[in-house]
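Here come two complexes built around chain A, the first alongside chain B, the second alongside chain C.
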Partner chain A sequence: MSVSIQGSANPMSDLLLQIVIYTLIWGSIYLLISLGFSLICGVLRIFHLGYGVIFVLAAYLTWTFMEDAGLGLVPSIILMILVQCAFALIVFYKGVFQRYLEEEEILLTVSLLVFLVIVHLANYLFPVTAGVSIPSTIIDDIVTIGGITIAWQMIIAALVGVVVTAIYVVALTRTRIGLVIRAISQNLPAALLMGANVNRMYYLAMILSVIPPTICMIMIAPFWGIDPFMGMPLLMTAMLVSILGGLGNLKGSIVASYLIGFIHASVSFVFVPRFMGFAALIVTLIVMIYRRGGIFAGETLW
Partner chain B sequence: MLVKWLHESLVLVKTNFSEKGGYMMKTRRLFAGVVFVLLFFASTLWAAGPEATGPIKIGLIGNMSAPFSLSSKAAAMLAVDEINSTGGILGRKVELIVEDSKGEIPKCVEIYKKLVMNDKVAAVFIAEKVEMGVAGMEIGAELFKEYPHVFFSTIGSGDDIWHRVRDNYEKYRFGFQTYYHVSTNYLKIVSLDNSEIFKNIMKAKKVAIIYEDMEWTKPLRKGLPGVSVSLAGVYKENGLDVVNETTVSLDQKMFNPTFETIAKAGAEAIDCVIGYIDEPAFIKQWAQSSARNIPLNIWGGLAGMPQAWKMTEGKVNGVSVGSSLVRVSITPKTIPFMDTLIAKYKVGPIFGSHTTYDSIFGFKKAVEKAGGTGDINALIKQLEQVEEVAVLGSIGWHPKYHYNLPSPKYVTPIVQWQKGEMQVIYPPKYKTADYQPPAVLRK
Partner chain C sequence: MVNFELRRDRIVARWRDKKTEWVIEPRYWRNSTIAITCLFILPLFLYGFPHILTMFTTANLYAAIAIPLALQLLGTGRVNFGPQLYLGVGGYTAALLNLHFGWNPAMTLMATILVCAAIALILSPTTWIAKGLYFSLITLILPLTFLDITYIWGDIFRGEVGLVGMSPLLAFKKVTWNYIAYYYLSLILMLLYLLVCDRTVRSRIGVSMAAVNENENVARMMGVRVDAYKVFFYVAPSILTGIVGWFIVHTFRTFAGVTYLPLEFMAKILIIVIIGGRAFLYGAIPGAYLISIVEDSLRRLGPVNYFVFPLILIALIVVLPRGEGLWGLYKKRRPRDYFPKLHVRRE
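Here is the complex of A and B:
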């Protein structure tokens, strides 16, 4: 079912098209990776070092439900999302965030420890010889656009990233609940005075923060390696996007995701792929020097 | 320091008799000092390497949360069980002491010292990455004179172990490396095999090479002065046209640009000098790129494990890879080893298990020829000459450099994933199926 859309034979146009296409695709995937992290930063004002655990749980819970409980892919994903939400609320929110909100160092350390415990547990229960995978391929084929070949699954993952972000932006800017969440993110004492149920909104924010990375893991699994330690590089990507965009600012995260996507694509196709991570770090560092707080610095979610 | 302490004690004794009331306390101190000195000398006399009678103790160090070390542990237990059930070595039972390094170098060093100094093992086997082997070899070299023993690195690849033996034989002669390949063999043997596979089996003339950015690939990228040109140079000498060379990093997750560039370069085969990068992601992205119909040959790693099919959702179909885990009878020992390991220890054979098992049998034969473990020089001499039927061919070590005898003595078959099965395509002696292009296999 390979689709081919003919393009120019000019190498320079091909290169530009390649950079544009991969910027859009990778940028959208990075957005999906980092959306939840930005939300937690924006609403709870917490630098969530345990965020990487969401990816690990998404992969390994789905696998467990499929392999050990014999459930199908969709029921396994649904069950996994429920467990993810419960884990986020009970372990992270009630167990860590609420308890250590005033002691930031402990909060950060404990969050990271929870993450590491889960990682090592996954490694113990499912070592590499377990052959963990998630059969979530939607279209197992490639498409050629103007001479540039892309996997359908990457395009689908990118589209899902755009749709999920759009839903979040609309929900946060056009609904009453979104208004309350934004009010909390901008000025917590004022929001409390106005009668906002902060605790309930925090619960909601925790659940909302779990959904994008969970969906992300399911969507990227067909072209991503699954191992117990995969959460760390994904956490790093989420952190990089959020820091570059401005901590807790969704507008910033959107811009930063595509900017990092552009850097990665340009460096990969013009120079060598192995420098793409390094290049993104350098650009982030430069931005942070000249624009303290990131591209969209500000104490607001949107 | 000890002399200084004794001198001070004697001075104290002299003073004791002139000091009123302090006599008893100082006498106790003197007594404690004498006991300490006696114990010190006794322990020095005691520390004379492995016992010449009683069980022969051997130690195994590994990261016991890593699959390769766990598999090596099971293989070592199997080897020891088999040796003991047939009368041991020269009538002496073999006792295996397993220790967990937890993947930490300081821990590995501490355990190595404990095994050699306290447990008095005759041999230490490190079934872990090469950094651990190097750490073990360094501490082993310090202890060797006082505690004669031999050491085997059964997982660490590359040149760090055997180069030490080559460059300072006297100091490191107790060390042996039993992992499949070292740079010289890569360039002198493996690259020639690969050239044949590309030209005659895959019918490819234009090759792209992908290296992972690790120390072990450096000699392949740059060549070994006085020994060989680079891998690309060897391929060129053998009539292949290297159209693209690139390096990928260990933390890299996106490989599409690499494959797209290679496809544009017109490569007819991709040689992947990799073993530690995220291979499932690498393979999945190859199968969804412009290069998906270009044969992918991987040197080692996860792609050569039976689980690779599941981990990549079958996208590994068509990939060829060096694998010692394929079920093919290289010697009469191969299949029984694989079956017993699974049946008895519930562990699958993965890289490191064969080499650990074979090293123990190589050690056994050398001890028998040396007449025991008492004369370390005789034992080392025998290890340099020994050849024993092994799981993957015959085990033995180079007499001067101490790496294990390479192919065709010790074989790593090249397999191709064909619709869920690993089939041997090279060497012809062990072939189980003909090579098929990836596009044909996907139909």
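Here is the complex of A and C:
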């Protein structure tokens, strides 16, 4: 089902088209990667340095349920999401965040240590040679737009990113629960005075933060490549997006995701791909100099 | 003629009209003196165990990284999550200059200090710009970016393999003597750092540091030059960390970013600062020794140790008194004058 959309033969316009397309695709995927991280930042006002665990668990739990328990892809994914939510609530929320909320340096360090435990455990159980892969390809084909070839799976992953973000934005801005979450994000004491059940909202935020990266991992698994240490670059991307956009601000995260997508695409296609991470960091630092607190420095969820 | 007199709680030594007393009741023991003496006589008992000496040399180096970090946490009022950046900068500066230009260790030391100072100065405005969490995150990302660079320019930094064959600081004919010499050198380096940092914290500057750490606005109002303090206490500990990198290069004669720049190494150093007692300079030493011993003991477990080690670190944090770490077990006898709060989320 290979689709071809003819474009110009001009190399310059091809390059521009390539940058635009990959900015949109990568930006949407980065949005999916960073959405949960921003949500935790915005609601709990903490940095979830164990966020990378979600990606690792998503890949390896699905694989374990499929290979060892002999389940199909969909039941494995459903079971994996349940385990992910339980892990986020029991280990991270009850075990770390609630316990060390006032001792932030310990909170961050323990979150990071939990991440390291899971990463190394995954590496011990499933080393790279184990050949872990998730058959979550929806359309196994390519599309050619103006001379640029893209895998359908990338386009679908980008579309899913946009849809999931839109659902989250609508849920946070149009529903009563969203209103309470935003109130907690803006002013915790005031939200408590108004009768908000903060603890329940924190639980909800933890569960909501797990879903986008899990969906992201399932969508990108066919073309991203799975290894036990993949959580680190993904965590770094989420952190960069959050810092650039403004801690815990979803508007900022949306803008920053596409901005980082643009930086990565430009540097990759105009210069060399190996500099893209470095370039994004430099741009983030420059933005930080001129706009302390990122692009949307309000420190509210929306 | 010196006369010794044994009393119920002390030994008194008299020489002419001078008198010196040594309190022997345990709660008045000069514990730091005893601990340092123990560290100095340790090689006499461990002469035949070079791997243990290497483990303690590593512990001294961990402490030498953690002590300036504790000073930096207080002086800048921010939590640096990437102290290993300067370890990498210092190490690579020394290694590259030694390998490619044949510079001797004294020259590479000067270059290390200059390069670390220059980079720290360039990055020091982040202490003004970045608030709380932003600072922690930027400092977390910087060493990882540097690690990326060591892979990007693999022909210079030798990526995963690292640089090898740098000239040693000392070279004795007998191998055991080398182990002992490097143990003593690392111990002296660590104690020197402890002395400098301790004097700084106990001085008038230390009071200003505490003010900066507690509340920058109040400190400013009281006449403390907060911005200058933050730059100084970002740059100076960074140089001290860089010197440890230089020491590693000329001691172990190998240096790879993949060993010192990843999160695992950073977590180790932060854990030393935390379990030693929050930003407590002396606490860094037992913290470093504990971590080093645990790490070395677990190596025998094989690949399992990679996830058992962070598990044990988590257990240590949970079990030890909150925030006060090993110091908390000791504090009943010696109350700490100033117990800082580390601010990550500060606005």
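Things worth noting here:
As a convention for this text, the second predicted complex is superposed on the first by the 302 of 302 C-alpha atoms of A that agree within 3 Å, B and C clash if a C-alpha of one lies under 4 Å from a C-alpha of the other, contacts with A are read in each partner's own complex, and residues count from 1 in each chain.
One rule holds in what follows: contacts are C-beta pairs under 8 Å (C-beta built on N, C-alpha and C of every residue); 3 or more make two chains touch, one makes a residue touch a chain.
Not measured: the values here are computed from a predicted model.
In the superposition on chain A, A:His264 makes contact with chain B only, not with chain C. Look at A:Gly277: by the touch rule set out above, it reaches both chain B and chain C. In the superposed model, A:Leu112 lies in contact with chain C only, and not with chain B. Judged by the touch definition given at the top, the superposed model places A:Met154 against chain B, while chain C stays out of reach. Of the two partner chains placed around the shared chain by superposition, chain B and chain C are both touched by A:Tyr124.
By the touch criterion defined above, A:Ala88 lies against neither chain B nor chain C after alignment on the C-alpha atoms of chain A. Contact with chain B, but none with chain C, is seen for A:Ser133 once the two complexes are overlaid on the shared chain. With both structures placed on the common chain, the touch criterion links A:Cys216 to neither chain B nor chain C.
Look at A:Phe47: by the touch rule set out above, it reaches chain C but stays clear of chain B. The residues of chain A shared by its contacts with chain B and with chain C are 120, 123-124, 274, 277. Residue ranges of chain B in contact with chain A, taken from their complex: 65-67, 70, 213, 246-249, 251-258, 260-261, 263, 278-282, 284-285, 288-290, 292, 302, 305-313, 348, 350.
On the side of chain C, the complex with chain A involves touching residues 79, 81, 125-126, 129-131, 133-134, 136-138, 140-142, 144-145, 148-149, 151-152, 263-264, 267, 270-271, 274, 278, 303-304, 306-307, 310-311, 313-314, 317, 322-323, 342-345. Note for the complex: chain A touches chain B at residues 18, 22, 26, 120, 123-124, 127-133, 135, 137, 140-142, 144, 148-154, 222-227, 233, 264-265, 268-269, 272-274, 276-277.
Contacts from chain A toward chain C in the complex involve residues 45-47, 49, 103-110, 112-114, 116-121, 123-124, 232, 236, 239-240, 242-243, 247, 274-275, 277-278, 281, 285, 288-289, 292-294.
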